[in-house]
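Following: one structure in structure tokens, then a few remarks.
Labels for the chains are A, B, C, D, E and F, by order of writing; each one numbers its residues from 1.
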Amino acid sequence: MADLPISRFPIPDLDELPEDIRQRILAVQEKAGFIPNVFLALAWRPDEFRAFFTYHDALMEKETPGLSQAEREMIVVATSARNQCQYCVIAHGAILRIRAKSPTIADQLATNYRKADISERQKIMLDYALKVSRQAEEIGDADHQRLRDSGFDEGDIWDIGAISAFFGLSNRLVNMSSMRTNEEFYLMGRVPR
Amino acid sequence: MADLPISRFPIPDLDELPEDIRQRILAVQEKAGFIPNVFLALAWRPDEFRAFFTYHDALMEKETPGLSQAEREMIVVATSARNQCQYCVIAHGAILRIRAKSPTIADQLATNYRKADISERQKIMLDYALKVSRQAEEIGDADHQRLRDSGFDEGDIWDIGAISAFFGLSNRLVNMSSMRTNEEFYLMGRVPR
Amino acid sequence: MADLPISRFPIPDLDELPEDIRQRILAVQEKAGFIPNVFLALAWRPDEFRAFFTYHDALMEKETPGLSQAEREMIVVATSARNQCQYCVIAHGAILRIRAKSPTIADQLATNYRKADISERQKIMLDYALKVSRQAEEIGDADHQRLRDSGFDEGDIWDIGAISAFFGLSNRLVNMSSMRTNEEFYLMGRVPR
Amino acid sequence: MADLPISRFPIPDLDELPEDIRQRILAVQEKAGFIPNVFLALAWRPDEFRAFFTYHDALMEKETPGLSQAEREMIVVATSARNQCQYCVIAHGAILRIRAKSPTIADQLATNYRKADISERQKIMLDYALKVSRQAEEIGDADHQRLRDSGFDEGDIWDIGAISAFFGLSNRLVNMSSMRTNEEFYLMGRVPR
Amino acid sequence: MADLPISRFPIPDLDELPEDIRQRILAVQEKAGFIPNVFLALAWRPDEFRAFFTYHDALMEKETPGLSQAEREMIVVATSARNQCQYCVIAHGAILRIRAKSPTIADQLATNYRKADISERQKIMLDYALKVSRQAEEIGDADHQRLRDSGFDEGDIWDIGAISAFFGLSNRLVNMSSMRTNEEFYLMGRVPR
Amino acid sequence: MADLPISRFPIPDLDELPEDIRQRILAVQEKAGFIPNVFLALAWRPDEFRAFFTYHDALMEKETPGLSQAEREMIVVATSARNQCQYCVIAHGAILRIRAKSPTIADQLATNYRKADISERQKIMLDYALKVSRQAEEIGDADHQRLRDSGFDEGDIWDIGAISAFFGLSNRLVNMSSMRTNEEFYLMGRVPR
């Protein structure tokens, strides 16, 4: 399937990219062994590319006592599934499997997070993330109180909501561009090493 | 996770089951190497069990020139994902991967069938299946004409709709009972042999 | 209106049917005085026909201390109305009027069960049935606890949900086939004898 | 059931009502043989009562070459069913049966107007009525053109939309007050004389 | 933009109108300095015109201890915004700004009443108004109790619901006729005198 | 109302902010005459702040032959209204009035863009923006073809969708933080100078 398009929009040659973007992509390729398509699909818009990944890393490359990296990925998978975003569910499902050291969690969250093997606290986290994603206009004091009662602090609550909101942006870019998912992600984290 | 419950409802011992049901379950175990939980979760209601699997096999253990077994599984995965049915998506995703000989198709269909690597004809098939699943009350002549224009005959159209309707029943039983998915299904059909 | 089609799909001649199906239909005709169209509309698919009616009878031809036959029909009418299924609302509305010995209950349930002349316990039963029918993915512990608090036992809860799920299948078959309702049902149970 | 409340709100004594309202109610009682509850439920608000019935009669007690009285009642029944208004569906279902001289049409329209024994032109009329009722914000030129192509003139189109809009008001008053339906309506027009 | 149509439907000349309607319109013009388009757009249907404005005035030209005129306008703005009714939001937004003596309240209510600078009691009032507007079929005892607990009496509750229901009618007439908003309303009440 | 909180989350002192962020805020204040609250509400997260405004400017501080700055603001207002985002509708409504040199356009777009005084081409632009905002999963070839047929090129289409997606993120941050709108925005662009 090497010849299937990655996006409805233009994919520039690596050589034509601004040097910082080219270097960033090569670094990812070095680490992952392949270039995730989202880097190629956003590259034709350098300023948006830079903003997108800066935003992404500020929220995701972070670990707080109240919100682990695996939990951050749970938010991505559960909200992206509800938004029917193929790339985000499959790519971040892979990352979640690795970070949570669980081959089953991503598929569970992608179908129905209420039935997943996660803690009650994590379900409360996902209830909020989904409400931000789908009915943010109805969020009120009671939603925030429920998170605080579960031990999430101010910074965690912001992160949960902001990750949901940021991937809402990502989900829409993927669906409008028909961004293709790399085949490498499907199996990642499924087979014990 | 061996001790997590399979269902909110009772799970009978194999020894206490009516002989035909016990034999059927043992035959499945023989073939699959494990007992898919749906057999255990429905067994406490023998008459419903018999009806359910008779219905299932009449629709799924069948292959017509217009509707392959893989295509039947596509219908199950796409409609069950929309109904947020964990067991059906994961278990039938496994069967679909095997029948379609594709490690990626199930995850694609489970997130957004419109973006999956399937034919235009298969997308039309799934448009109808999803409409039966979610807005059956609006089905009209134009929907049927569109299927006939794509080469589906009367029997195929019935099968597409009936599979969608039958798994709508199944999806609801799974969600109301919190039926647990066997871990064996997650990896099945993903690794080339 | 004798010449209006019963279904978009083929209606076989009684003489061509497998003997068990022909006998079943004749028995119904003997008892009811006419053949309900659902028997004719499903007959072209003998295995599905058998499974459908076995399933139906297992759930509906039953009476438990916690769930009367009239209450089972209430579930059918209220959920089928929400799914806009003409055949199920009108035919089972007739059966409900007879079983509940009430000429008004079916029309009340078909428009808005929350305003019907039924007990609080029956409204709780229908809240659950409707949730299974329309948002099964959201069912959780609290829904089951509420039923138990109203005196429904495990078997009753299963029955309520399974009847809702089974008629969800039936509703979809009716709408996809444009199954016609027999005129006999409209008046049945309305006039005191 | 004589002692069940007609409304959550006060029901004045006939004797205490303004004379014009009392006379109007008595005239209806004279003609129908009973007092439809909507007259009693609105009477505590004389000005609103007068406006409501003036509006009602301007739209419903009228017959144009393009829109018969039976068709006006079809609009009421189909839209009120979608709004789950028990009183309107049952009371106007009775009037529709009488005006259309059909014992079956009201129950068909109340469950799924797309499957009712009505003309294609009448289905187009109801498509518009339902769109006004449920998604009026999306109405555009194409909707009006479709009606004109079916022979509805400017006045008919206004009437279809206005009847839908007026009964949307009525449906909401009924549901907020839990207005009770008179038992007389259930059987009316069902038995051939 | 003087030549943009006021409505899809006919606008009669003032001189051709029944005298009572002509006088009413002239009185409004005298007071407001212009003729609000709703008077012109409804005038071609004199009986409906009379009923509409009688109804309107009975609900809106009234002030009770429990429900001020400004609060009545809040209900109009919040529900009409949800129904995407341009005329009602902009025209009644103007009236609300004047009655509430606030240049900001209308824009707040029109986007998200939950975030507006209003009292908790007023939010409860609007929760009910919105429920009548969008899910009246689900209204039950708890909704009414919540209003009573906030100090609304029987008459206030009726008014809140009836205003919501009446403007639901108005919103639909506006959207079906593409009724145009007078430019005078946009700025009214925004600039302190 | 000076003492009403700007956000549920912390608002840092200007003096404590990283210098680049402090300078950026002062520059905005210099130009606008006040500090729009969004700058203060995001400042406690410096990296997200930088990414957010870089992204914003890349999409909004740009003018192409196919998409003017006023049209970009139209997209913001129409989609933010649908997402019930008070800050975005009111603040960008002000910017839109100025850029489009129209005191009425923002209020029209905020209630129902289908009825606004904009061109047919702009309605097609907003249809796509709204679909990205609310049903991105259903976007297909036909949506893109319709834009191309209206003269939008590849870059314009990306911008329309990306603006809608980016403000979807912004709308969610506003609603989760209850971000308050500055009073200065309400009147801006309404009064001819």
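Everything below uses one rule, namely that contacts are C-beta pairs under 8 Å (C-beta built on N, C-alpha and C of every residue); 3 or more make two chains touch, one makes a residue touch a chain.
Because the structure is a prediction, the values reported are computed rather than measured.
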{"item": "Contacts common to chain A and chain E (chain labels)", "value": "C, F"}
{"item": "Topological distance between chain E and chain F, in contact steps", "value": "1"}
{"item": "Intersection of the contact lists for chain B and chain E", "value": "A, C, D, F"}
{"item": "Option reproducing the contacts of E-F, where over half of them reappear, out of A-E, A-B or B-C", "value": "A-B"}
{"item": "Angle (degrees, nearest 5) of the CA superposition of chain B onto chain C", "value": "180"}
{"item": "Chain C and chain D, separation of their C-alpha mean positions in angstrom", "value": "28"}
{"item": "Chain C-chain F separation of Cα centroids, rounded to whole Å", "value": "51"}
{"item": "Rounded Å distance, chain A centre to chain F centre (Cα mean)", "value": "24"}
{"item": "Rounded Å distance, chain B centre to chain D centre (Cα mean)", "value": "44"}
{"item": "Sites on chain F at which at least two other chains make contact", "value": "84-85, 112, 137, 175"}
{"item": "Contact footprint of chain B on chain D as seen in their complex", "value": "112, 114"}
{"item": "Chain D residues touching chain F - in the complex, by the definition given at the top", "value": "137-138, 140"}
{"item": "Residue ranges of chain F in contact with chain A within the complex", "value": "8-10, 45, 47-48, 50-52, 54-55, 57-59, 83-85, 132-133, 136-137, 139, 144, 154, 158, 161-162, 164-166, 168-169, 171-173, 175-177"}
{"item": "Complex interface listing, chain F residues touching chain E", "value": "1, 4, 80-81, 84-86, 89-90, 93, 103-104, 107-108, 110-112, 115-117, 175, 178, 181, 183, 186-187, 190-191"}
